[in-house]
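The structure's right below; bear with me while I get my questions together.
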Amino acid sequence: MPEQQPKLVMENIVKEFPGVKALSNVQLSLYPGEVHALMGENGAGKSTLIKVLTGVYSIDQGSVTLEGKPVHINSPLEAQENGISTVYQEVNLCSNLSVTENIFIGREIKKYGRLAWKEMHQHAEKLLEKLQLKIDVTKLLSSYSVAIQQMVAIARTLNVSAKILILDEPTSSLDRDEVHHLFAVIRQLKKEGLAIVFVSHFLDQIYEITDRLTVLRNGEWIGEYKTKEIDRMELVSKMIGKELQQMDDISSKSTVNQEKIPASFLKADEVGVKGKIDPFDLEMRKGEIVGIAGLLGSGRTEMARVLFGADRADKGKMKVDGKEVNFSSPRNAILKNIGFCSENRKSEGIIPELTVRENMILAIQSIYGWFNYLSKLKQIKIAEEYIELLNINPANPEHLIKNLSGGNQQKVMLARWLITNPTLLILDEPTRGIDIGAKTEIMKLMTRLSKDNKSILFISSEIEEILRTCNRIAVLRNRKKVKEFYNDKELTQQDLMKEMAGGM
Amino acid sequence: MINRLSLDYKQLPLLATISLFVLMFSFGSLRYTGFFSTQVFLNLFIDNAFLIVIAVGMTFVILSGGIDLSVGSLIALTSMVAASLTMEAQLSPWIVVPISLLVGTVFGVVQGALIHLYNLQPFIVTLAGMFLARGLSYVISVETIAIDHPFFSYMASIQIPLPGDNFISISVVIALIVVVIAIFIGHFTNFGRTVYAIGGSEQSAMLMGLPVGRTKILIYTLSGFCASLAGLIFTFYMLSGYGLHANGMELDTIAAVVIGGTLLTGGAGYVAGSVVGVLILGIIQTIIVFEGTLSSWWTKIAIGVLLFLFIILHRVIVLRSEKKQASN
Amino acid sequence: MIKSMLKSSLFWPIIVLLLILMINLFFDSSFFSIEVRNGHLTGSLIDILNRGAPLMLISIGMTLVIATKGIDLSVGTVIAMSGAIGAMTIASTDGTGLGPLFMAIGLSLLICTLVGCWNGLLVSRLGVQPIVATLILMVAGRGVAQLITGGQITTVYYDPYSYIGGGYLLALPFSIFIVAFVFFVAVLLTRKTALGLFIEAVGSNPDASRLAGINSKNIMLMVYMFSGFCAGVGGLILSSNVMSADGNNAGLWFELDAILAVVIGGTSLMGGRFYLMGTVMGALIIQSLTTTIYSIGVPAEINLVVKAIVVLIVCLLQSPEFRRKVFGFGKVKRSGEQKEREGVTLS
Amino acid sequence: MKKILEAKGLLVLLFVLLLLLAACGSADESGGNDEVAGDNTEQEEENDAEETDSDSGEEESNDQSGEKLVIGFSQVGAESEWRTANTKSIQDAIKDAGHELKFSDAQQKQENQIKAIRSFITQKVDAIVFSPVVETGFETVLQEAKDADIPVFLADRSVDVEDDSLWVTFLGSDFVEEGRKAGNWLLEEMADEEGPVNIVELQGTVGSAPAIDRKEGFEEIIGQEDKFEITKSQTGDFTRAKGKEVMEAFLKSDGENIDVLYSHNDDMAIGAIQAIEEYGLKPSEDIKIIGVDAVKGAFEAMADGKMNVTIECNPLFGPQLVDLIEQHFAGEELDKRIAVEESMYTMDQAEELLPTREY
């Protein structure tokens, strides 16, 4: 492949934001018919690089050559005109438009000067069939799940005669089958001669689908490798910049002494919300990590939300510390020492206009109430403490959180809850979309908390993580709790997956 | 393939608005003699033709998540320009009409450009536009300028007969043509769909490579043009130019668009809904006139109460559909 | 040093305010002079403060509403209602002693706060968009005010009432003290307690705030009540000033002036960060502009044109894009990028 | 099946809303009654009018006999004390004469007024009374009224229409004349003064007919002598608050030089008086004050010696108007222009007249 002329060459790219050097001297070359992975921790500059390539940001220095000709891409529109299409990490479509419109908007099919809806609907159905998706394309995008929305976003890019396709974490909200479909499509597109940039935190997927990879770290270019020629440990160490041993620090199985049943903290008895989660029983004990395994849409987030009072239970009883409670708002739950880190960081987590410090102290302050205002000095002290503890970058408590990378925002969210010192901490996909280093830190933190006699409810798409950290594991399927396992030596990934998939 | 008859939840507010109009009309017909006639219905169009036109422009602005407060003042400015050019400069209507239409259009372009290029908030820019347009019409003249010109008189007085002794004015025809064109623009051009997309999420629209900036400027241009056209219709209706014309009409327009089911947050709504919204405002006034004994303050309170009921109804519909969607 | 001054949200409003005052000085050399007359300090500057008192009050209330991503269009009619209630209360009593005064103040402030409460309930509990929710009262409220006064201009024959808007304390107009007090209370509540943080959090991301345990509904309810209260005080000052209640005209277009003052002061209509001091500056800019127009004899018909131009200039000066393009501060960046970086979703 | 249920739910909802509408319709009515109830005797008549409203089918047959007329009245709005007094006078006069009233308030908007008149035409009223918001732009709708054979009476303000067959008569004040009266009073008062006499003027709402005409009439008279000069002129929007604020600004810029204040209405003058007092001057002595309208507040001010003169602009011409309408239906020819009886009141008369003022 490398003997061919590269489709795209980016050389010595520099991009600065006020106070931050997001990219310095970064290189990237793409060849037709290859899948190229962009690797790096959060904040390494992957997203920035993609945004530079797609014209969202302008570059401060460096050159971009497309098919041998230097180009200046100044807007997403120009990028598309140059054959560069992108599917972003957070679905960036218009949920108030129909599926067809989302696929075609900007390059609609016209007939006699008007939009030809019938043709577009048919075409959209065909495109989605390619992704093995059969849905009513006239319905609003918002009436479909995130996974389907992601597929629509991919279908949108398939519709253009793209030369370069950028997939920015396309798989993070897809389940196994959907990933399979996607890979099939990627292989097909590869055969057609497209250059594909693929970003993912799942190493398995990187090794399965990509040909070459570029590693970035802290905005700097580390190197370009053939996927086959670099092994996992080496890759990871390139990404995080040190030899990796911490991974093994986490005990491979539960640490809690199971002979003595720990004190119960929260007990849910036939709790359910109509249309969201069927009535379920769940007991959370102090010092225990309980995992929830289930596919997207299995009701795992809904379960977390009802335990936290974000959705109001319309059935069943809940007891905290033996006393019956009825959470009508998250506030009730927080006052009972429960914390909840939402999977939806952007819309339900961060307060974009506020600083890192203010974001961190928000929950503890809401417990204290208005009048008991933490002095600014105290706030800064707390913020600095957690910035160090969680290794948040940049380490400035007065930085606006919206200017932080996704992974660092996630750490701030964790800090917000750790500060409240909750007895039960509900973590909904805390490791999604963040790098291995941070993942490891988060899991270490969970173990430490459980040793502190805290109780943790851990939701993750990665079964391996759940198996490694949890004492007990509840499996959800179709908005229903179907099984609960003790995580003993015999339990394997296969056991869990069987329950998650069901009927096997 | 697609079940066209099924009730899509996004159309429910529109359906509710239409049903409410029908109900109010029947309510009036039962209560007052002489209410139930085609002419009463047609008068709603004759008396509100200008409001329909600005509501159409405003619908696009609100669909994109913006707002345009300058439309009422632009009507006054247009009427003033038309009147002074006709009466004082003695120009032919062939020159006056295009110039008048240009006034609002230019205003719209400038407002749109300020909003887009300097990232200013539409509320403030169009508020300044509102002051400016009204101020400029005072600068032309503080007095009303009566128009005495065959063309304007003809446009004002011509009645297009309809079967059954009824008639409509030429303004109604213009307004209906505008509505048809607007529906076409909204649903069958890429400009229209881009407006919806911007209203849904401006950031997404930009990342999808849509011409966000150009479209935004165009939206305000369109609204300015509609305001000018409405200003001309208003001039036909009043046969005069006056700086106090259409005072506060921007709020009537926004109320009509909201009653018509368009969300002020953008992204959802229909041009047709706004037309029904205008008709509902019209019918409230008609009922109050037929009632004939209400003091002016009761008019205001009644409109407030009705606005409240509409909003509650819309909330109920939206909440229900959200629930329904959640349970799917 | 200069750079941090330029960055401050107060910089441009202050410059514009000074500019307007300078223009006055040019036309009238005694503009800045303050003299003692009848034991009261008088002078144009005092006058601007005194006349601007209602607008400052209402803008302070409006700032907090706008910080929660809301807007309160009803303040103009609340002013009319407040004056009407105050005047009618006094008219219905015998008018001796201080009893009627406190009754009038108490009753009208109570009702105005309740009106704010109604707005707040619609916005926070029913989830109605603020602009629509307050539009209801903007329309109906004036009708109510007219209903209370029977459409008449009701004159108050009760001297203590004039103290609210026309009295003097320590040689300064009493209304200035009212504004100072409300401003002080607002600053104290928002900066010395966590209320300000909560308001900014709710305005910036309501869902996330709820999940962080903030009772965002109550916060919203409270800011609308506060806005109603401020408008009530402003209405009393205005009504006391002319010793009458006018349901038709009192407070007409005040909502727009108040919103302008807030925006000129640097608070974004998109919610989030708010600047009370900036708002006060904004209100003063608007008031000194009005006074300037009156005193240097700008023809009545171009008042609005002048106002529009000043508003545009202030807003443009505050736009980072404009400053970069015109003055060349920093690098020229496209507005699209700016928006993307700030994560603004204009919806 | 589910869809049908949904639709049903919606229907129920709409039905409830209809009920609410009906309820609030009647609530408004009863509210309207309450409002009038405050004014003692009228309540019963109001009720009568409404009862007949419900079976007006029978009434209509009686129309031509001249017994009972249905009169549509479109008022400008409720923008001032003067206006509400005017509205009440006309409403009461029509009801007292036993006619049925259809009242509509245009809220200062011409378009509302045109709508109201058009609606009167579709309701087939016997006569239309209206006070135009502005002078121009009523040709079309007046023509429609003429085509429908409905006589139109103009009250208070006139229209600028060439074809005077479109209306029966115009009964109202002459604003230019009011301005002249004000000017003449000043001419006399200042006859001995050397001059220059510096006048400040508080204008009404920019563009409104009274503001334009009162300014014109006043300037016409004082223009006769060179010693008069209008040094400042600014709008006070006809309101007290604005009047006071503008006067303050005037005083600030050249307080010592102001000899006369001419205000286009009494409300602004009253506001200005407060400003003058606060500034430390004596109204009516240091500064002569001329107002227009002759509202009660002006009499009170004059009685206190704070105001010199007010030119009457009489709103209480309801009975005169009803007489004219009845004369018209009796077949009499009416003049196209009938003036309302008005005079001018000075400080000396104020005290004795104060108790007799109704508005």
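Going by the order they are written in, the chains are A, B, C and D; count residues from 1 in each one.
Quick note on the criterion: a contact is a pair of C-beta atoms (placed from the backbone, for glycine too) under 8 Å apart; a residue touches a chain by one contact, two chains touch by 3 or more.
These numbers come from a predicted model, not from an experiment.
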item	value
Selected interface, A-C versus B-D, where C-beta contact pairs are more numerous	B-D
Farthest chain (mean CA position) relative to chain B	A
Distance from chain D to chain A - Cα centre to Cα centre, in angstrom	68
Chain B and chain D, separation of their C-alpha mean positions in angstrom	31
Euclidean distance of C-alpha centroids - chain A vs chain B, Å	44
Chain D, residues touching no fewer than two other chains	35, 77-78, 206
Touching two or more other chains - residue numbers and ranges from chain C	146-147, 151, 300-301, 303, 336, 340, 343
Chain B, residues touching no fewer than two other chains	138, 142, 199-201, 203, 206, 243, 267, 295-301, 305
Touching pairs - complete list by chain label	A-B, A-C, B-C, B-D, C-D
Complex contact set, residues of chain A against chain C	17, 51, 56-58, 74-75, 308, 310, 329-331, 334-335, 340, 342, 347-354, 358, 362-363, 365-374, 402-403, 416
Of all residues in chain B, those that touch chain D in their complex	6-7, 12, 15-16, 19-20, 23-24, 27, 31-34, 37, 39-40, 43, 46-47, 50, 138, 142-148, 153, 156-157, 234, 237-240, 242-248, 282, 285-302, 305-306, 309, 313, 316-317, 320, 324
Residue ranges of chain C in contact with chain D within the complex	28, 37-38, 42, 44, 47, 51, 146-147, 150-153, 155, 166, 238, 241-244, 246, 248-250, 290-291, 294-297, 300-301, 303
Contacting residues of chain B [partner chain A, same complex]	2, 8, 10, 184, 187-190, 193-194, 196-197, 199-201, 203-211, 267-268, 323, 325-328
Chain D residues within the chain B interface of the complex	3, 6-7, 9-10, 13-14, 17-18, 20-22, 24-25, 28-29, 31-32, 35, 46, 49-50, 53, 56-57, 72, 75, 77-78, 101-105, 107-112, 114-116, 118-120, 122-124, 134-137, 139-140, 143, 160, 162, 205-208, 212
